[in-house]
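Letters A, B, C, D and E name the chains as they come in the text, with residue numbers starting at 1 for each one.
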């Protein structure tokens, strides 16, 4: 009885997270990306295409802004008006930030996107009716909509290429929103194995496709509530916390020695991806 | 005046009834528990009744992948032959003859899927077998029967359960014991799914619901 | 459910596969050598793809799909659980070891093999796209014979017979075998085949190989390919070496780069200074990117040496002599790099040791490329880096398997031979010269003069279209092989290439694809039947050959099967290689750098054909992931572009998206303009790899091919094609397009938002980070 | 004792009012002005209610009940469904968040109010109704009709009242 | 400039209005055919879009909404006029509403029906639209009640059904008139059924009055809530240019504004087509025009205050969006919108034009254009200039498919409205009777007290 259930669990249902003591137990998946290591080589992006059955939209589709790259590498130039970019460019891998207070989740009329108990912003493709409200409300614009029926569109997956598709990931038809899932299929498998062995997932048991490919190991992925995990340590060392909306170092005079920040923290979506600022040599 | 008041009370009652029905409907059992799927023609009319009932062969003897993989699997032809090579008494039966024809041609048998969930559903046999067979020590035919019905009474298997989402969910929201006497706890049950407290009943048995998070079953 | 996907990729993989997988099979293998491929059979477990049903609710549909189970199987082949096999990536020559994820007999994804010293579990985008090479719908599936203008599918038997017939009375002089870089047993077989005709005409051609550098290194250090320890260096001064993008072994260097940045040992972050005329991916990651007038890299190197001397570094007499006259004023004038900047670099090089100076293809693509490389290497020597950050690499102790590295000088030789009509039979493997040869060489016309042209091809590329006989090859994921990478990271190794799945285009009715090794073996049997009759196929040959050297390969304690299966499961044979010492003499001999040429009034701009990390020389352009993977610097996809510096563009009145005509002495191309700040204003750049007229549906008709308009200028010393030596002019055609790219109209500016943030290095303490 | 219907038509409200006043005052057997008299008019004329006599309207009770149940239903339904098995975390908000539920409660409050009001209107106004035995299309045009039912015996007195006030037309139900 | 004659015969009212239900003129068929053709275009576009995918509408990934949502809001806004005229003015006893409220209510209903279609047109998987409905189902899942879209759906459903009920209840006496005057045939049967046996008895009128008043009372907060909920689709989001506190009142004002403008348009058309000059008189038009002008000023104020608040506030992202609206690719539309919405209404300021039909017709169309652009300018610029600069796109010019469906929606509305006008009386007969009756009563009273000369004519 749902009314009974409501009454029984009322206090739980009125709980807020992530302000709660332990936001997710025992898992909260998070990332940290070292922009100083990222070389912008695009390997992560291609790996994501391979892992997650992303369609190739072709020249026309790309021209219309309909590309489906869950992971996109952005390249920024300095804006100080130099004639040559003699400090190089800055690369930023951008994918779904798996916000704790995700603006996309509340607005979906059918609840196709929810927060899982382990802190991933899940996208249930079959539930999606394509209102695209989530994308409209995403500050990072990392949600991608299937404008066409790519699986049946010519040359996206001709018969042979069909065989490459990952059976653990649904092939999305037209009219469905999709986005980076932190390779939830890999997490699920790792969880299954861990359960079989009567333990929790250890750090390193699960790697996302982008992390696995990244030649400079700029991407770390792991469990934020596991004190043994690299991600936990990195977040802690950088004093980045899930429910903060600014970095202490930004408030200090002259900056500090910390590099961690999250994009658009001030909007308070509490993203789960921490970026480490790129470093520029001051001697040259 | 009283007439209208009576009418109002009646209306309110009606609304309350409709409301609580609607609110509770998702928690109730689906309407048809037994939904017999279509009869399916298989290349060989496999007699489950002979194997599972008469011979008392464990389901997982043939469907051996069930306890370690997401799919239960059809046994390789090799396995059928492995036994039937030694059972001379039935060798001239037409079904067995067909079986050997496939074997000799080294051709796989094109079985038809009987319990065919949509592609976007992730159902893991292993987890369910682990939970109910190994952990709770339920009999194997009962455990498989939760979803597959009473296969041991069938010749060609036929879908007996609804296998709709609501049907799955109805079971996931039941409180199942976490351990049974003699059963071994699987994993570190340090956490509970879906914002629900574990339930400890009078006899001290801890009970928990199935996971309720969409991405557990939807890929 | 790919149970254990990640767990198995870690350490237990080899053990698991070694003990259970392959060992279990080995019992049968002796009798049925083909069984190895049997269990890679595609299992029809439902549909190949999982689909979100287009309409409806996706209800339970019984009896529609078929489940095909194995006839026979091994215990470890469990439906819905992935198995992993190691093999070698052949997308480029770096020789990364890969682990293929296989489910129900289909290879789904390639990951890096963590045991490989080269890539240590990592891959690049190009490597990831390897599956698209395998599953490519445009692969050739049957031998094709030209009859007049059209082709006809024939059987392999017929094809072999035809070759035998054509080869019957040709002399070794009349045979030419063109190939890309080859190594391992394939090289051995190929050599033996040519040997059977006493032919020496093996032309090893790679369009964008670092051949000038090899020659320069040989001169400076005594070895062609030393090991560059980027991670140990505190300063890397790179003259156009795109080691993060497309240079030599990018995945390996990327890892080194990450360590170099973190300062793994002392927490001191390495500084990267990149000197080039057109920004490469590496340049974009540099702390200081210095734009230099095209071709003056050598002058700058000598100028730095001079300045180092002036700053107190002791220079030997000949070095001091060589750099005399390269004072800052002159160097600054010649190269466009300010004196102040040179001082900064000198100070940096002096303050932080060891450093590493790299000479890349951008510095070498000139008629004086060898000189430039020598000057840059000299800087390394002067700084005392040789032996520290430039080390001798280990060499695989099997010289017959050592890589035959490709170059462009070979193409010139072949082209000259073809022009002279010397060759009656031409074989071409892993090369596409019709596409990659400079237009000025007229290769296509010369090719027609060859009597009989056999092309071993995956796709009908431009060269295959000119062939008389096209023999379809297995993809790298279906074929057997061994490879020895040219650049060896920490130890000598032989890479094993093994099938990750059953052949996609099966050998039925004499059609289908075959492995290059198998083909060569068959051809060899036509010549030396006796010698090779013991080998049923290339697999047997390979197994035999490796087992013969079991002891040398480190398998002295185990029996043959165990050794073989372990080798397969590891995918790599690590060896004790021998190391030859680097020579320490400074290579000042013959060092003479020309002054920068005056600007040609007719063709004022230098054309830099840039090498894109994912498309390289264009052989992989038909892999749609690569086409759709944006160029890191411009974010352009599916098309070519010409990079022009905004200042130059303003002079010429060009805006982004203008279609401009780039005209050189040898033709012109029409291509969209992209204003790019990271290029010398006197240079323009067009990426290589696009502009195919054939190859397949994803490649044909996208972009332009700058190879077409290259002048046939060669390096004076090595005879290598000077890729950067073409001068062009640019004119507007009047038409415009919207450039198809990922970046928005604000062109990669952050608009005051904190998106990609950065800090100066004195504000961070990397040593305290995790 | 059979009752008979009479319908008289008048051209204006003043005369109709006079008739009604008279009918309420008259004491006829088998005729109760409160029950047996119906005034039909082409327009809504609040004065009619006054002179016809105190007849309360109950529609507003329906409205109240409808609106309250609507709101209540919405809130329970929504909260219960949010707290049912599919309790899913969304956007860092509680599973049963109040503001959105209040919005929907408000809408359902109105929906219930409007629906039940209309239902109440139909019930209270006796609609849909069968046509009364005597009806003239003139009533929907411009005349005021007064329909009475009374014992046969009273019909002549009624008629006389009507004629006295210049009834334009008097219709009489045919006797049985 | 004559107002309705107080001594007009009630029978004539019936006759005149019922005449509008007679067989239509040729012009009617011509317009109807054009409307059907427009609907045909939209259906064609929709079928194409349904089969191929939403890509044919030329959306891009950050720019996921376009004309569909803009036009959706436009039609929702349009619907507010009916409520304004019927409910608000009813409560205020403004009797001049009586000849015109019927078609205004019909407009409400039909524009809501049109708006509802856009929800479906806009969806990526419209065949799964039932996922968004709250009903107990076999999947045992409920929609997400936290989504403003669901509030929208709920509000629109409530509004639509309440409006239909309001329209219908208010029409029952007229349906009885139709029933009484129709020759036997399908129409008579229809009216007989719909009139529910209405006879105008005192009991019926008594309950009718209360019910009508009650629904009117409910409709006013409902109408306000509907458009503020539509506003909260935007205001509840986090996007720059949308996350603005003044959006709900701004939307409501905009809604009333566009509704009034549409009423002027339809007033003029109906007056001309059905020769309703005697009922839809110029003084009434003048009142609507003055009301429209007042609302235009309210809207202008809220519009300016929105800009001012954004400008004055510290949110750079919102400011950027505003600047981009002024000077970016959408600038022509944005400026047109502001001119149409805030400058053009000043024409109505001049007394001379307040009853000048051709001018007013043009003005009302311009106002509607302005209001339609307003919605587009709310939706589109935020997408092309959101928080994340990397995804700022070039203006996503809607494809012909989008234009076709938007165009067709006007045809659909016209079609519904024209059919309505031919089937149901578009002027409320009984209320006009009431109006002239009460006016004449008042005049009589004034005459009796001798105050007529002092107060001028008219008792309203």
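In this text, a contact is a pair of C-beta atoms (placed from the backbone, for glycine too) under 8 Å apart; a residue touches a chain by one contact, two chains touch by 3 or more.
Quantities reported herein were computed from a predicted structural model and do not represent experimental measurements.
Under the contact definition stated at the top, the chains bordering both chain C and chain D are A, B, E.
Among the remaining chains, those touching chain B as well as chain E are A, C, D. Closest to the middle of the protein, by Cα centroid, lies chain A. Taking the mean Cα position of each chain as its centre, C sits at the greatest distance from chain E.
Ranked by C-beta contact pairs, the top interface belongs to chains A-C. Centroid distances from chain D, each centroid being the mean of CA atoms, peak for C. Rounded to whole angstrom, the centroid-to-centroid distance between chain A and chain E, based on C-alpha atoms, equals 43 Å. Computed centre separation for the pair chain D/chain E is 30 angstrom, with centres defined by C-alpha atoms. One inter-chain figure worth recording: chain B and chain D are separated by 59 Å, centre to centre, where each centre is the mean of the chain's CA atoms. Averaging C-alpha coordinates per chain places the centre of chain A 34 Å away from that of chain B.
Shared contact sites, meaning residues of chain C that touch two or more other chains, fall at 1, 3, 45, 49-53, 58, 80, 738, 742-743, 748-750, 753, 755. Touching of two or more other chains is recorded for residues 2-3, 5, 9, 12-13, 15, 67, 72, 74, 103, 106, 111, 114, 116-117, 125-127, 149, 168-171, 174, 176, 185, 188, 192, 264 of chain A. Touching two or more other chains at once are residues 128, 139-142, 144, 146-148, 150, 387-388, 390-391, 393 of chain E. According to the touch criterion at the top of this document, the contacting chain pairs are A-B, A-C, A-D, A-E, B-C, B-D, B-E, C-E, D-E.
Interface residues of chain E, counted against chain B in their complex, comprise 135-142.
Chain B meets chain A in the complex at residues 20, 23-24, 26-27, 118-120, 122, 124, 126-127, 130, 185-188, 190-191, 193-197, 213-216, 218-219. Residue ranges of chain C in contact with chain A, taken from their complex: 1-7, 9-10, 42, 45, 48-54, 58, 80, 103-104, 106-112, 119, 121-129, 131-132, 134-137, 139, 244-245, 250-251, 254-255, 257-258, 261-262, 269, 271, 273-274, 279, 281-291, 344-345, 347-348, 351, 504, 613-614, 624-630, 632-633, 635, 637-639, 647, 677-678, 697-698, 702, 738, 740, 742-743, 747-750, 753-766, 768-770.
Across the complex, chain E is touched by residues 38-46, 48-49, 52, 55, 57, 59-60, 63, 67, 77-78, 81-82, 84-86, 90-91, 93, 97, 100-101, 103-104, 106-108, 110-111, 113-115, 117-118, 120-122, 124-132, 135, 137, 139-142, 145, 147 of chain D.
Chain contact summary for the complex, chain A toward chain C: residues 35-37, 39-43, 45-47, 49-51, 53, 56-59, 62-63, 67, 69, 72-77, 79, 82-92, 125-126, 149, 151-152, 155, 157-174, 176, 185-186, 188-190, 192-193, 204-207, 209, 212-218, 230, 233-234, 237-238, 255-257, 259, 261, 263-264, 275-284.
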